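Order of writing sets the chain letters: A, B, C, D and E. Residues in each chain are counted from 1.
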Amino acid sequence: MAVNAEQRGPSGEGMWQRESRARHFRERAIKIVLAACAYVSVLTTFGIVFVLLFETVNFFREVSIVEFFTSTTWSAAFANPQFGILVLASGTLLTTLIAIAVALPVGLLAAIFLSEYASPGLRRWLKPALEILAGVPTIVYGYFALTFVTPLLRETILPSMTIFNALSAGLVMGVMIIPTIASVSEDAIHAVPRSLREGAYALGATKRETATRIVLPAALSGIVAATILGISRAVGETMIVAVAAGNLAQLTANPLESVQTMTAFIVQVASGDTPTGSLTYNTIFAVGSTLFVMTLILNIVSYVFVRRFREAY
Amino acid sequence: MATKSGAQKNARKGEPEGEGVFKTSVSARHALDRVFSVLVFVAAMIGLVVLAVLLVDIARDGLPRLSWAFITSFPSVIPQNSGIYPALLGSLWLLGLTAILSVPLGIGAAVYLEEYAPDNWLTRLIEVNISNLAGVPSIIYGLLGLGIFVNLLGGITGGQSIVSGALTLSLLILPVIIIATREALRTIPGAVREGGYALGATRWEVIRSHLLPMALPGALTGTILALSRAIGETAPLIVVGAATYITFAPDSPLSSYSALPIQIYSWVSQPQPAFQLAAAAGIVVLMVVLLLTNSVAIWLRNKYQRRG
Amino acid sequence: MSEVSGERSGIGRDQGDQPSPAPKTEALGMKTENLSAFYGAFKAVTDVDMEIRPNKVTALIGPSGCGKSTFIRCLNRMHEVVPNAYAEGCVKLGDRDIYARDTDPVTVRRRIGMVFQKPNPFSKSIYENVAWGARINGYRGDMDELVERSLKRAALWDEVKDKLKKSGFDLSGGQQQRLVIARTLAVEPEVILMDEPASALDPVSTQKIEDTMAELKERYTVVIVTHNMQQAARISDYTGFFYIEHMNDPGRLWEFDETDKIFSSPNRKETEDYVTGRFG
Amino acid sequence: MSEVSGERSGIGRDQGDQPSPAPKTEALGMKTENLSAFYGAFKAVTDVDMEIRPNKVTALIGPSGCGKSTFIRCLNRMHEVVPNAYAEGCVKLGDRDIYARDTDPVTVRRRIGMVFQKPNPFSKSIYENVAWGARINGYRGDMDELVERSLKRAALWDEVKDKLKKSGFDLSGGQQQRLVIARTLAVEPEVILMDEPASALDPVSTQKIEDTMAELKERYTVVIVTHNMQQAARISDYTGFFYIEHMNDPGRLWEFDETDKIFSSPNRKETEDYVTGRFG
Amino acid sequence: GGGGGGEEEKKKEDEKKEDTGKEKTEAKEKASGGSPGQIAVEGSSTVLPITQGAAEAFNQQNPDVQITVGGAGTGDGFEAFCSGDTQISDASRPIKDEEVQACQENGIEFVEIPVALDGLTVVVNPQNDFAENITLDQLRTLWEPAAEGQITTWNQVNSEWPEEQINLYGPGTESGTFDFFTERVNGEEGESRTDYQASEDDNVLVQGVSGDPNALGYFGFGYFEQNQQRLKALAVDTVAPSTETIQSGEYPLSRPLFIYVSTQALEENSSVEEFVNFYLENLNQFVEQAQYVPLSDQGLQEARERLNNRTTGTAPEDAVGGEKGKAEEETKAKEETK
């Protein structure tokens, strides 16, 4: 403990080696690096807009924007093409709604189970096991919907359903996003301080009441984030709908019939034999832009919602 | 201000519930609780059951086909000779590079937005923008990657190379990591930060020593979900030029490459049933790769999990 | 809810227009036998036999870390909420073992309320913080009135009556402490456990809380942990002194007796040293 | 680090083999001018002019919710860490404005340490809780020794010396409070702000902390918030009384003077009422 | 990397590593010829299995040549080809004018080589016991745009068939198969009713038809061959699809598949030349492996000549294969009679 005169004064003597300058510099550097990370997403968006915009404009040179948003027929690649985006949008909406109707309750309840009911040991392997569901290649899900779920439903309760249909695709898509919703929500639920739970228990609340009325609201922000990730993945999902939902572009709200989603259309054109630069090819950019705007609106709405109801602790 | 307590006043002793203004139908609440606990259990099991069905189905087709030769052979037009070697290698490269690129980038962005960025319209815009990016279909990322990494930056990335593929996948999964990490940071009580600052720590010191370790489980969850998605993506890779068939194993980030999901997809769409079996075997390989990759993250997450 | 009477006058007396409850009701007492509490392998408290008399205030005192909080949390089965923590022995409410197999911890906690050492308001509005417990327990009366009465008893009403919609977190330390007291009072448990309820309170608020306690014991049984000897002497009827003799021993109930006795002529030397401040 | 001397003897004196520091060092004082503090639109404290003398203990007293915590947090720029919170006015350390544009809050906090009202240990080991602050501030001496010394000064060493590897959360309320005090002492700030540092402590620990404070003021400037009048009278040289006259007003510094003066013949009636307990 | 093969495998790999190391820099210049030792193929996923077979066999003899074969689709394939990124393009349809233009702008000349035939097979569910044959006319009645929403039962197509609902299955609009079928049956590319179940993946269509007793669909012959127990093929104009009838051109719905080779690459990149020669020498083997129908001897001869003569540009339609022209004339003749 060889030490010189005791430390006093603002900086830099004795055992205290305060490299105030260096620290300050490092701090700034780190901030800049981190900000750069954040701005990657902005650049990505610019990139996407750039990629989409040019061809989208080309597209709307040839197709009236009014028709695009009002027509109720979609036959982009046929001889007399009609471009009613509503048809594809309704397909996306329908399958996504079904998926969310499955995944949100199941995912949320599963998250509650993992965090509040399961023993730490069970939780430790159950959570990763569920997460495997997120990694199953979507083509597998597609065939699962087509060769397992659809026949099962047709043989049991829904004989009227067509082979390709929105319901099976939506259901299986729901299964696919369960882990996204369950895992991210579970993290948020798990992080709610124990003292909040204790407060509720001490008032004679049951486990369910504590979980659903104290813990869930406190974790709302995380749950909404999880849901957004889940919806986003459902909206952007391609293979499942391409295989199981039928690619039949019709305006219908009947989940037992085939639909075509925006993504299914895009992938169909992008991986097909259409010449690049043709009107049909440009259509995918118009569809992509529309989807981009749709999800943007969804996100803005949910953002406003979260900011209003977020509970901090 | 009249309450029912007066009217219903009975002896305080005896049954604890049911007296005074408290209509404590404890038994009803308990019944509900039991129902609820069954419900959450069932919910957790639904996923598991589907997973089991899927895996059993795939394993039944795929396991007999799986062999060392399958893993070390090149694909072939003869189904029985077909192997997965270059695709496996390609996917490992992709996954490794994607993780190296996206995890630090994603966590960094989340830290910036949650801990540094002022709460102004720009930050909010970025925030909305990021969740919006999560919903952009993967194929659009493919088009982006084609435009930027393959064509524009082809000189650096080597065009249709593993790097281009990994960069594209990184952009694709970045939002998931960012959002999950941000949420994890958000759940950390302010008192932790205050404790750090009050000792004269800089923001970064507090972040590194306290916030990141506490947010790590959440960040890792995001990483697990993101990489799970990355490893299964087909469409964007096809667009940025992953080959369906290559005659050599990729050996550097600038190599041409194929990837597991592309190989699987290509087998699935062949007419010969024998290829369907190869596809199933390929899926088994993919799932194993996925589990091995994720197991690192899962192990870390279990280690850092806290209960505040 | 309109007319707000003077700070103290209203407390506990604003049920005027009802047939007023019997001023003194026989509450239930509690009893521990051979109670030991563990955090994993670590034994924090050992072999406590204590009888907590009904309609009395029992104070628990002792040096920091000797197991007071641990013990009091065992009394309504909150201890087991801590991961890996468990208790051994027997705790009775009236003549029912609350640790018995068929006893439901929810009912136990409903009947034995608790205020924690660190104030832990819910991340809800002030109003909801108070109303929530009553609501889940099926309170069917006038909720506004209940919230107001509870906040008044906890001497917080005047400070928050204009910001009932604000978050319980946006309060000062002492306000939060009173908020969680109000929350507990609102569900009207039969036994009230308070872990240092006045630690962050100024003398004035402390005084009010003490008044409330005095009033509470007319109908309930009260147990409080306190570091304030004067407070223990002032308000309690019985006092238990917890103590750790040798480093790393678990805490023990060193002496338990009527408060007067403990503060005037305790049986054991350590107790005397402690209460007279001659200790350590 | 081997021999552990009696609890009190060791405190602050185990630097024997160094050239002992000048027993009394001139520390820096602080000064606030026109300081007001806000939580969003809500003004919690207004117009505080106070001079905090160097090498003295200044006590802040006042009813709960009157802005003591808010004020003390302004003194080292911790107030602005709360979302939407900000302060107006001027706070000087020595003759430097700590709210000046070019002042780095990190340096300010490094030099003005703080103990919070609610103990907030890090979720790290006890050892790390104490060592961390010193380490990031570039302490190059013997860390074990520093940790031991700090824990001794905070009167916690004996209780935790066998479990330094355990989490700071696995401590009792009072132990956590002393842990955060130790943590703050370890970085040796020039001014130490303590928000009710003894609220959860038994008389014995309180006594030890008070001794530490008396020792600290030899070299540092100390500001404490306390609800304990005796404590304020015992240990402080100056006392500030915060008060809210009308409901919903912001808190004000009602009176500030030497402690003797405040407790014997204050200038204002409210102060007198409060310190004599006649208040409310 | 992981995996890693046996001893030999590793050795082979090491050698490759050295090779690529040297060549990396040059390879990335956008020389349309590419560098020797490397061949990039992109294009139709339909043609991919044939090229893959060729690449595989070629690579066994020339292990140092690195070949990549992609299946991004004919359109994307031509885009890469015309911008010089690839040396060979697989195509399930002839190159289009705008694509030719794009190639010209970049100074890329090419040889068009037909490599195989695919017969589009019209299939029904095996439970269907009434339909055996369908005429092109009936197909047109069924598939023309005017049929949309109108022709919904079997008897509307052929009055002998029952009055039961008919469910249609077909490939996605972006496939060469669709283009070819619509052109051949309805007279114009892309002209088709739109209310049918579509999929890019023929196996999905197989699933659809085999699970739906009222189904009628069309897709590649190979998929029918592999699923004969689950499907029933209809004869078209009384000609049942088979290797022989498709090859001979008797079967009206057979289409050619192509590869396009850059002439620069043929000249500058010795590997490309070797590969294409090898490809055509053993063509029928690869075609059969890939479940397509080999060209007739005459067709094969013509294809080799095109390569040897470096015949650039795309052939006038009827020169590609006698079959196509013939069928075309028939369609036209029918149109006139209407």
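Convention: a residue touches a chain if its C-beta (ideal position, glycine included) is under 8 Å from a C-beta of that chain, and two chains touch if they have at least 3 such contacts.
Note that the coordinates shown come from a computational prediction; the quantities given were computed from them, not determined experimentally.
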Treat touching chains as neighbours: how many steps, at the fewest, connect chain B to chain E? 1
Looking at every pair of chains, which two share the most C-beta contact pairs? A-B
Using just the Cα atoms, superpose chain C onto chain D and tell me the rotation angle to the nearest 5°. 180
Chain-centre distance (mean CA atoms) for chain C and chain D, in whole Å, is 29
Taking each chain's mean CA coordinate, chain A and chain E are separated, in whole Å, by 37
Can you work out the whole-Å distance between the CA centroids of chain A and chain D? 47
Averaged over CA atoms, how far is the centre of chain D from the centre of chain E? Could you give it in whole Å? 81
Touching two or more other chains in chain A are residues 23, 27, 193-194, 206-207, 209, 267, 270-271, 312-313
Would you please write down the residue numbers of chain B that are in contact with two or more other chains? 29-30, 189-190, 202-203, 238-239, 268, 306-308
Which chain D residues sit where two or more other chains touch them? 83, 106-107, 110-111, 118, 137
Residue set of chain E touching chain B in the complex reads 1-6, 9, 13, 16-17, 20, 24, 28, 30, 40, 42, 45, 48-49, 51-53, 55-56, 59, 65-72, 76, 80, 85, 201-203, 220, 222-223, 225-227, 286, 289-291
In the complex of these two chains, what residues of chain C are touching chain A? 76, 78, 81-83, 105-107, 109-111, 113-116, 118, 120-124, 132-133, 136-137, 167, 169, 180, 183-184, 187, 189
Help me check something: in the complex, which residues belonging to chain E touch chain A? 44-45, 72-76, 78-79, 91-93, 96, 98-99, 102, 145, 167, 172-176, 178-179, 182, 186, 188-192, 194-201, 204, 207-208, 211-212
As the complex stands, chain A meets chain E at residues 73-80, 146-147, 150-151, 162-164, 242-243, 246-250, 258, 260, 267-278, 280-281
Interface with chain C, chain A side, in the complex: residues 120, 193-207, 209, 213-214, 217-218, 311-313
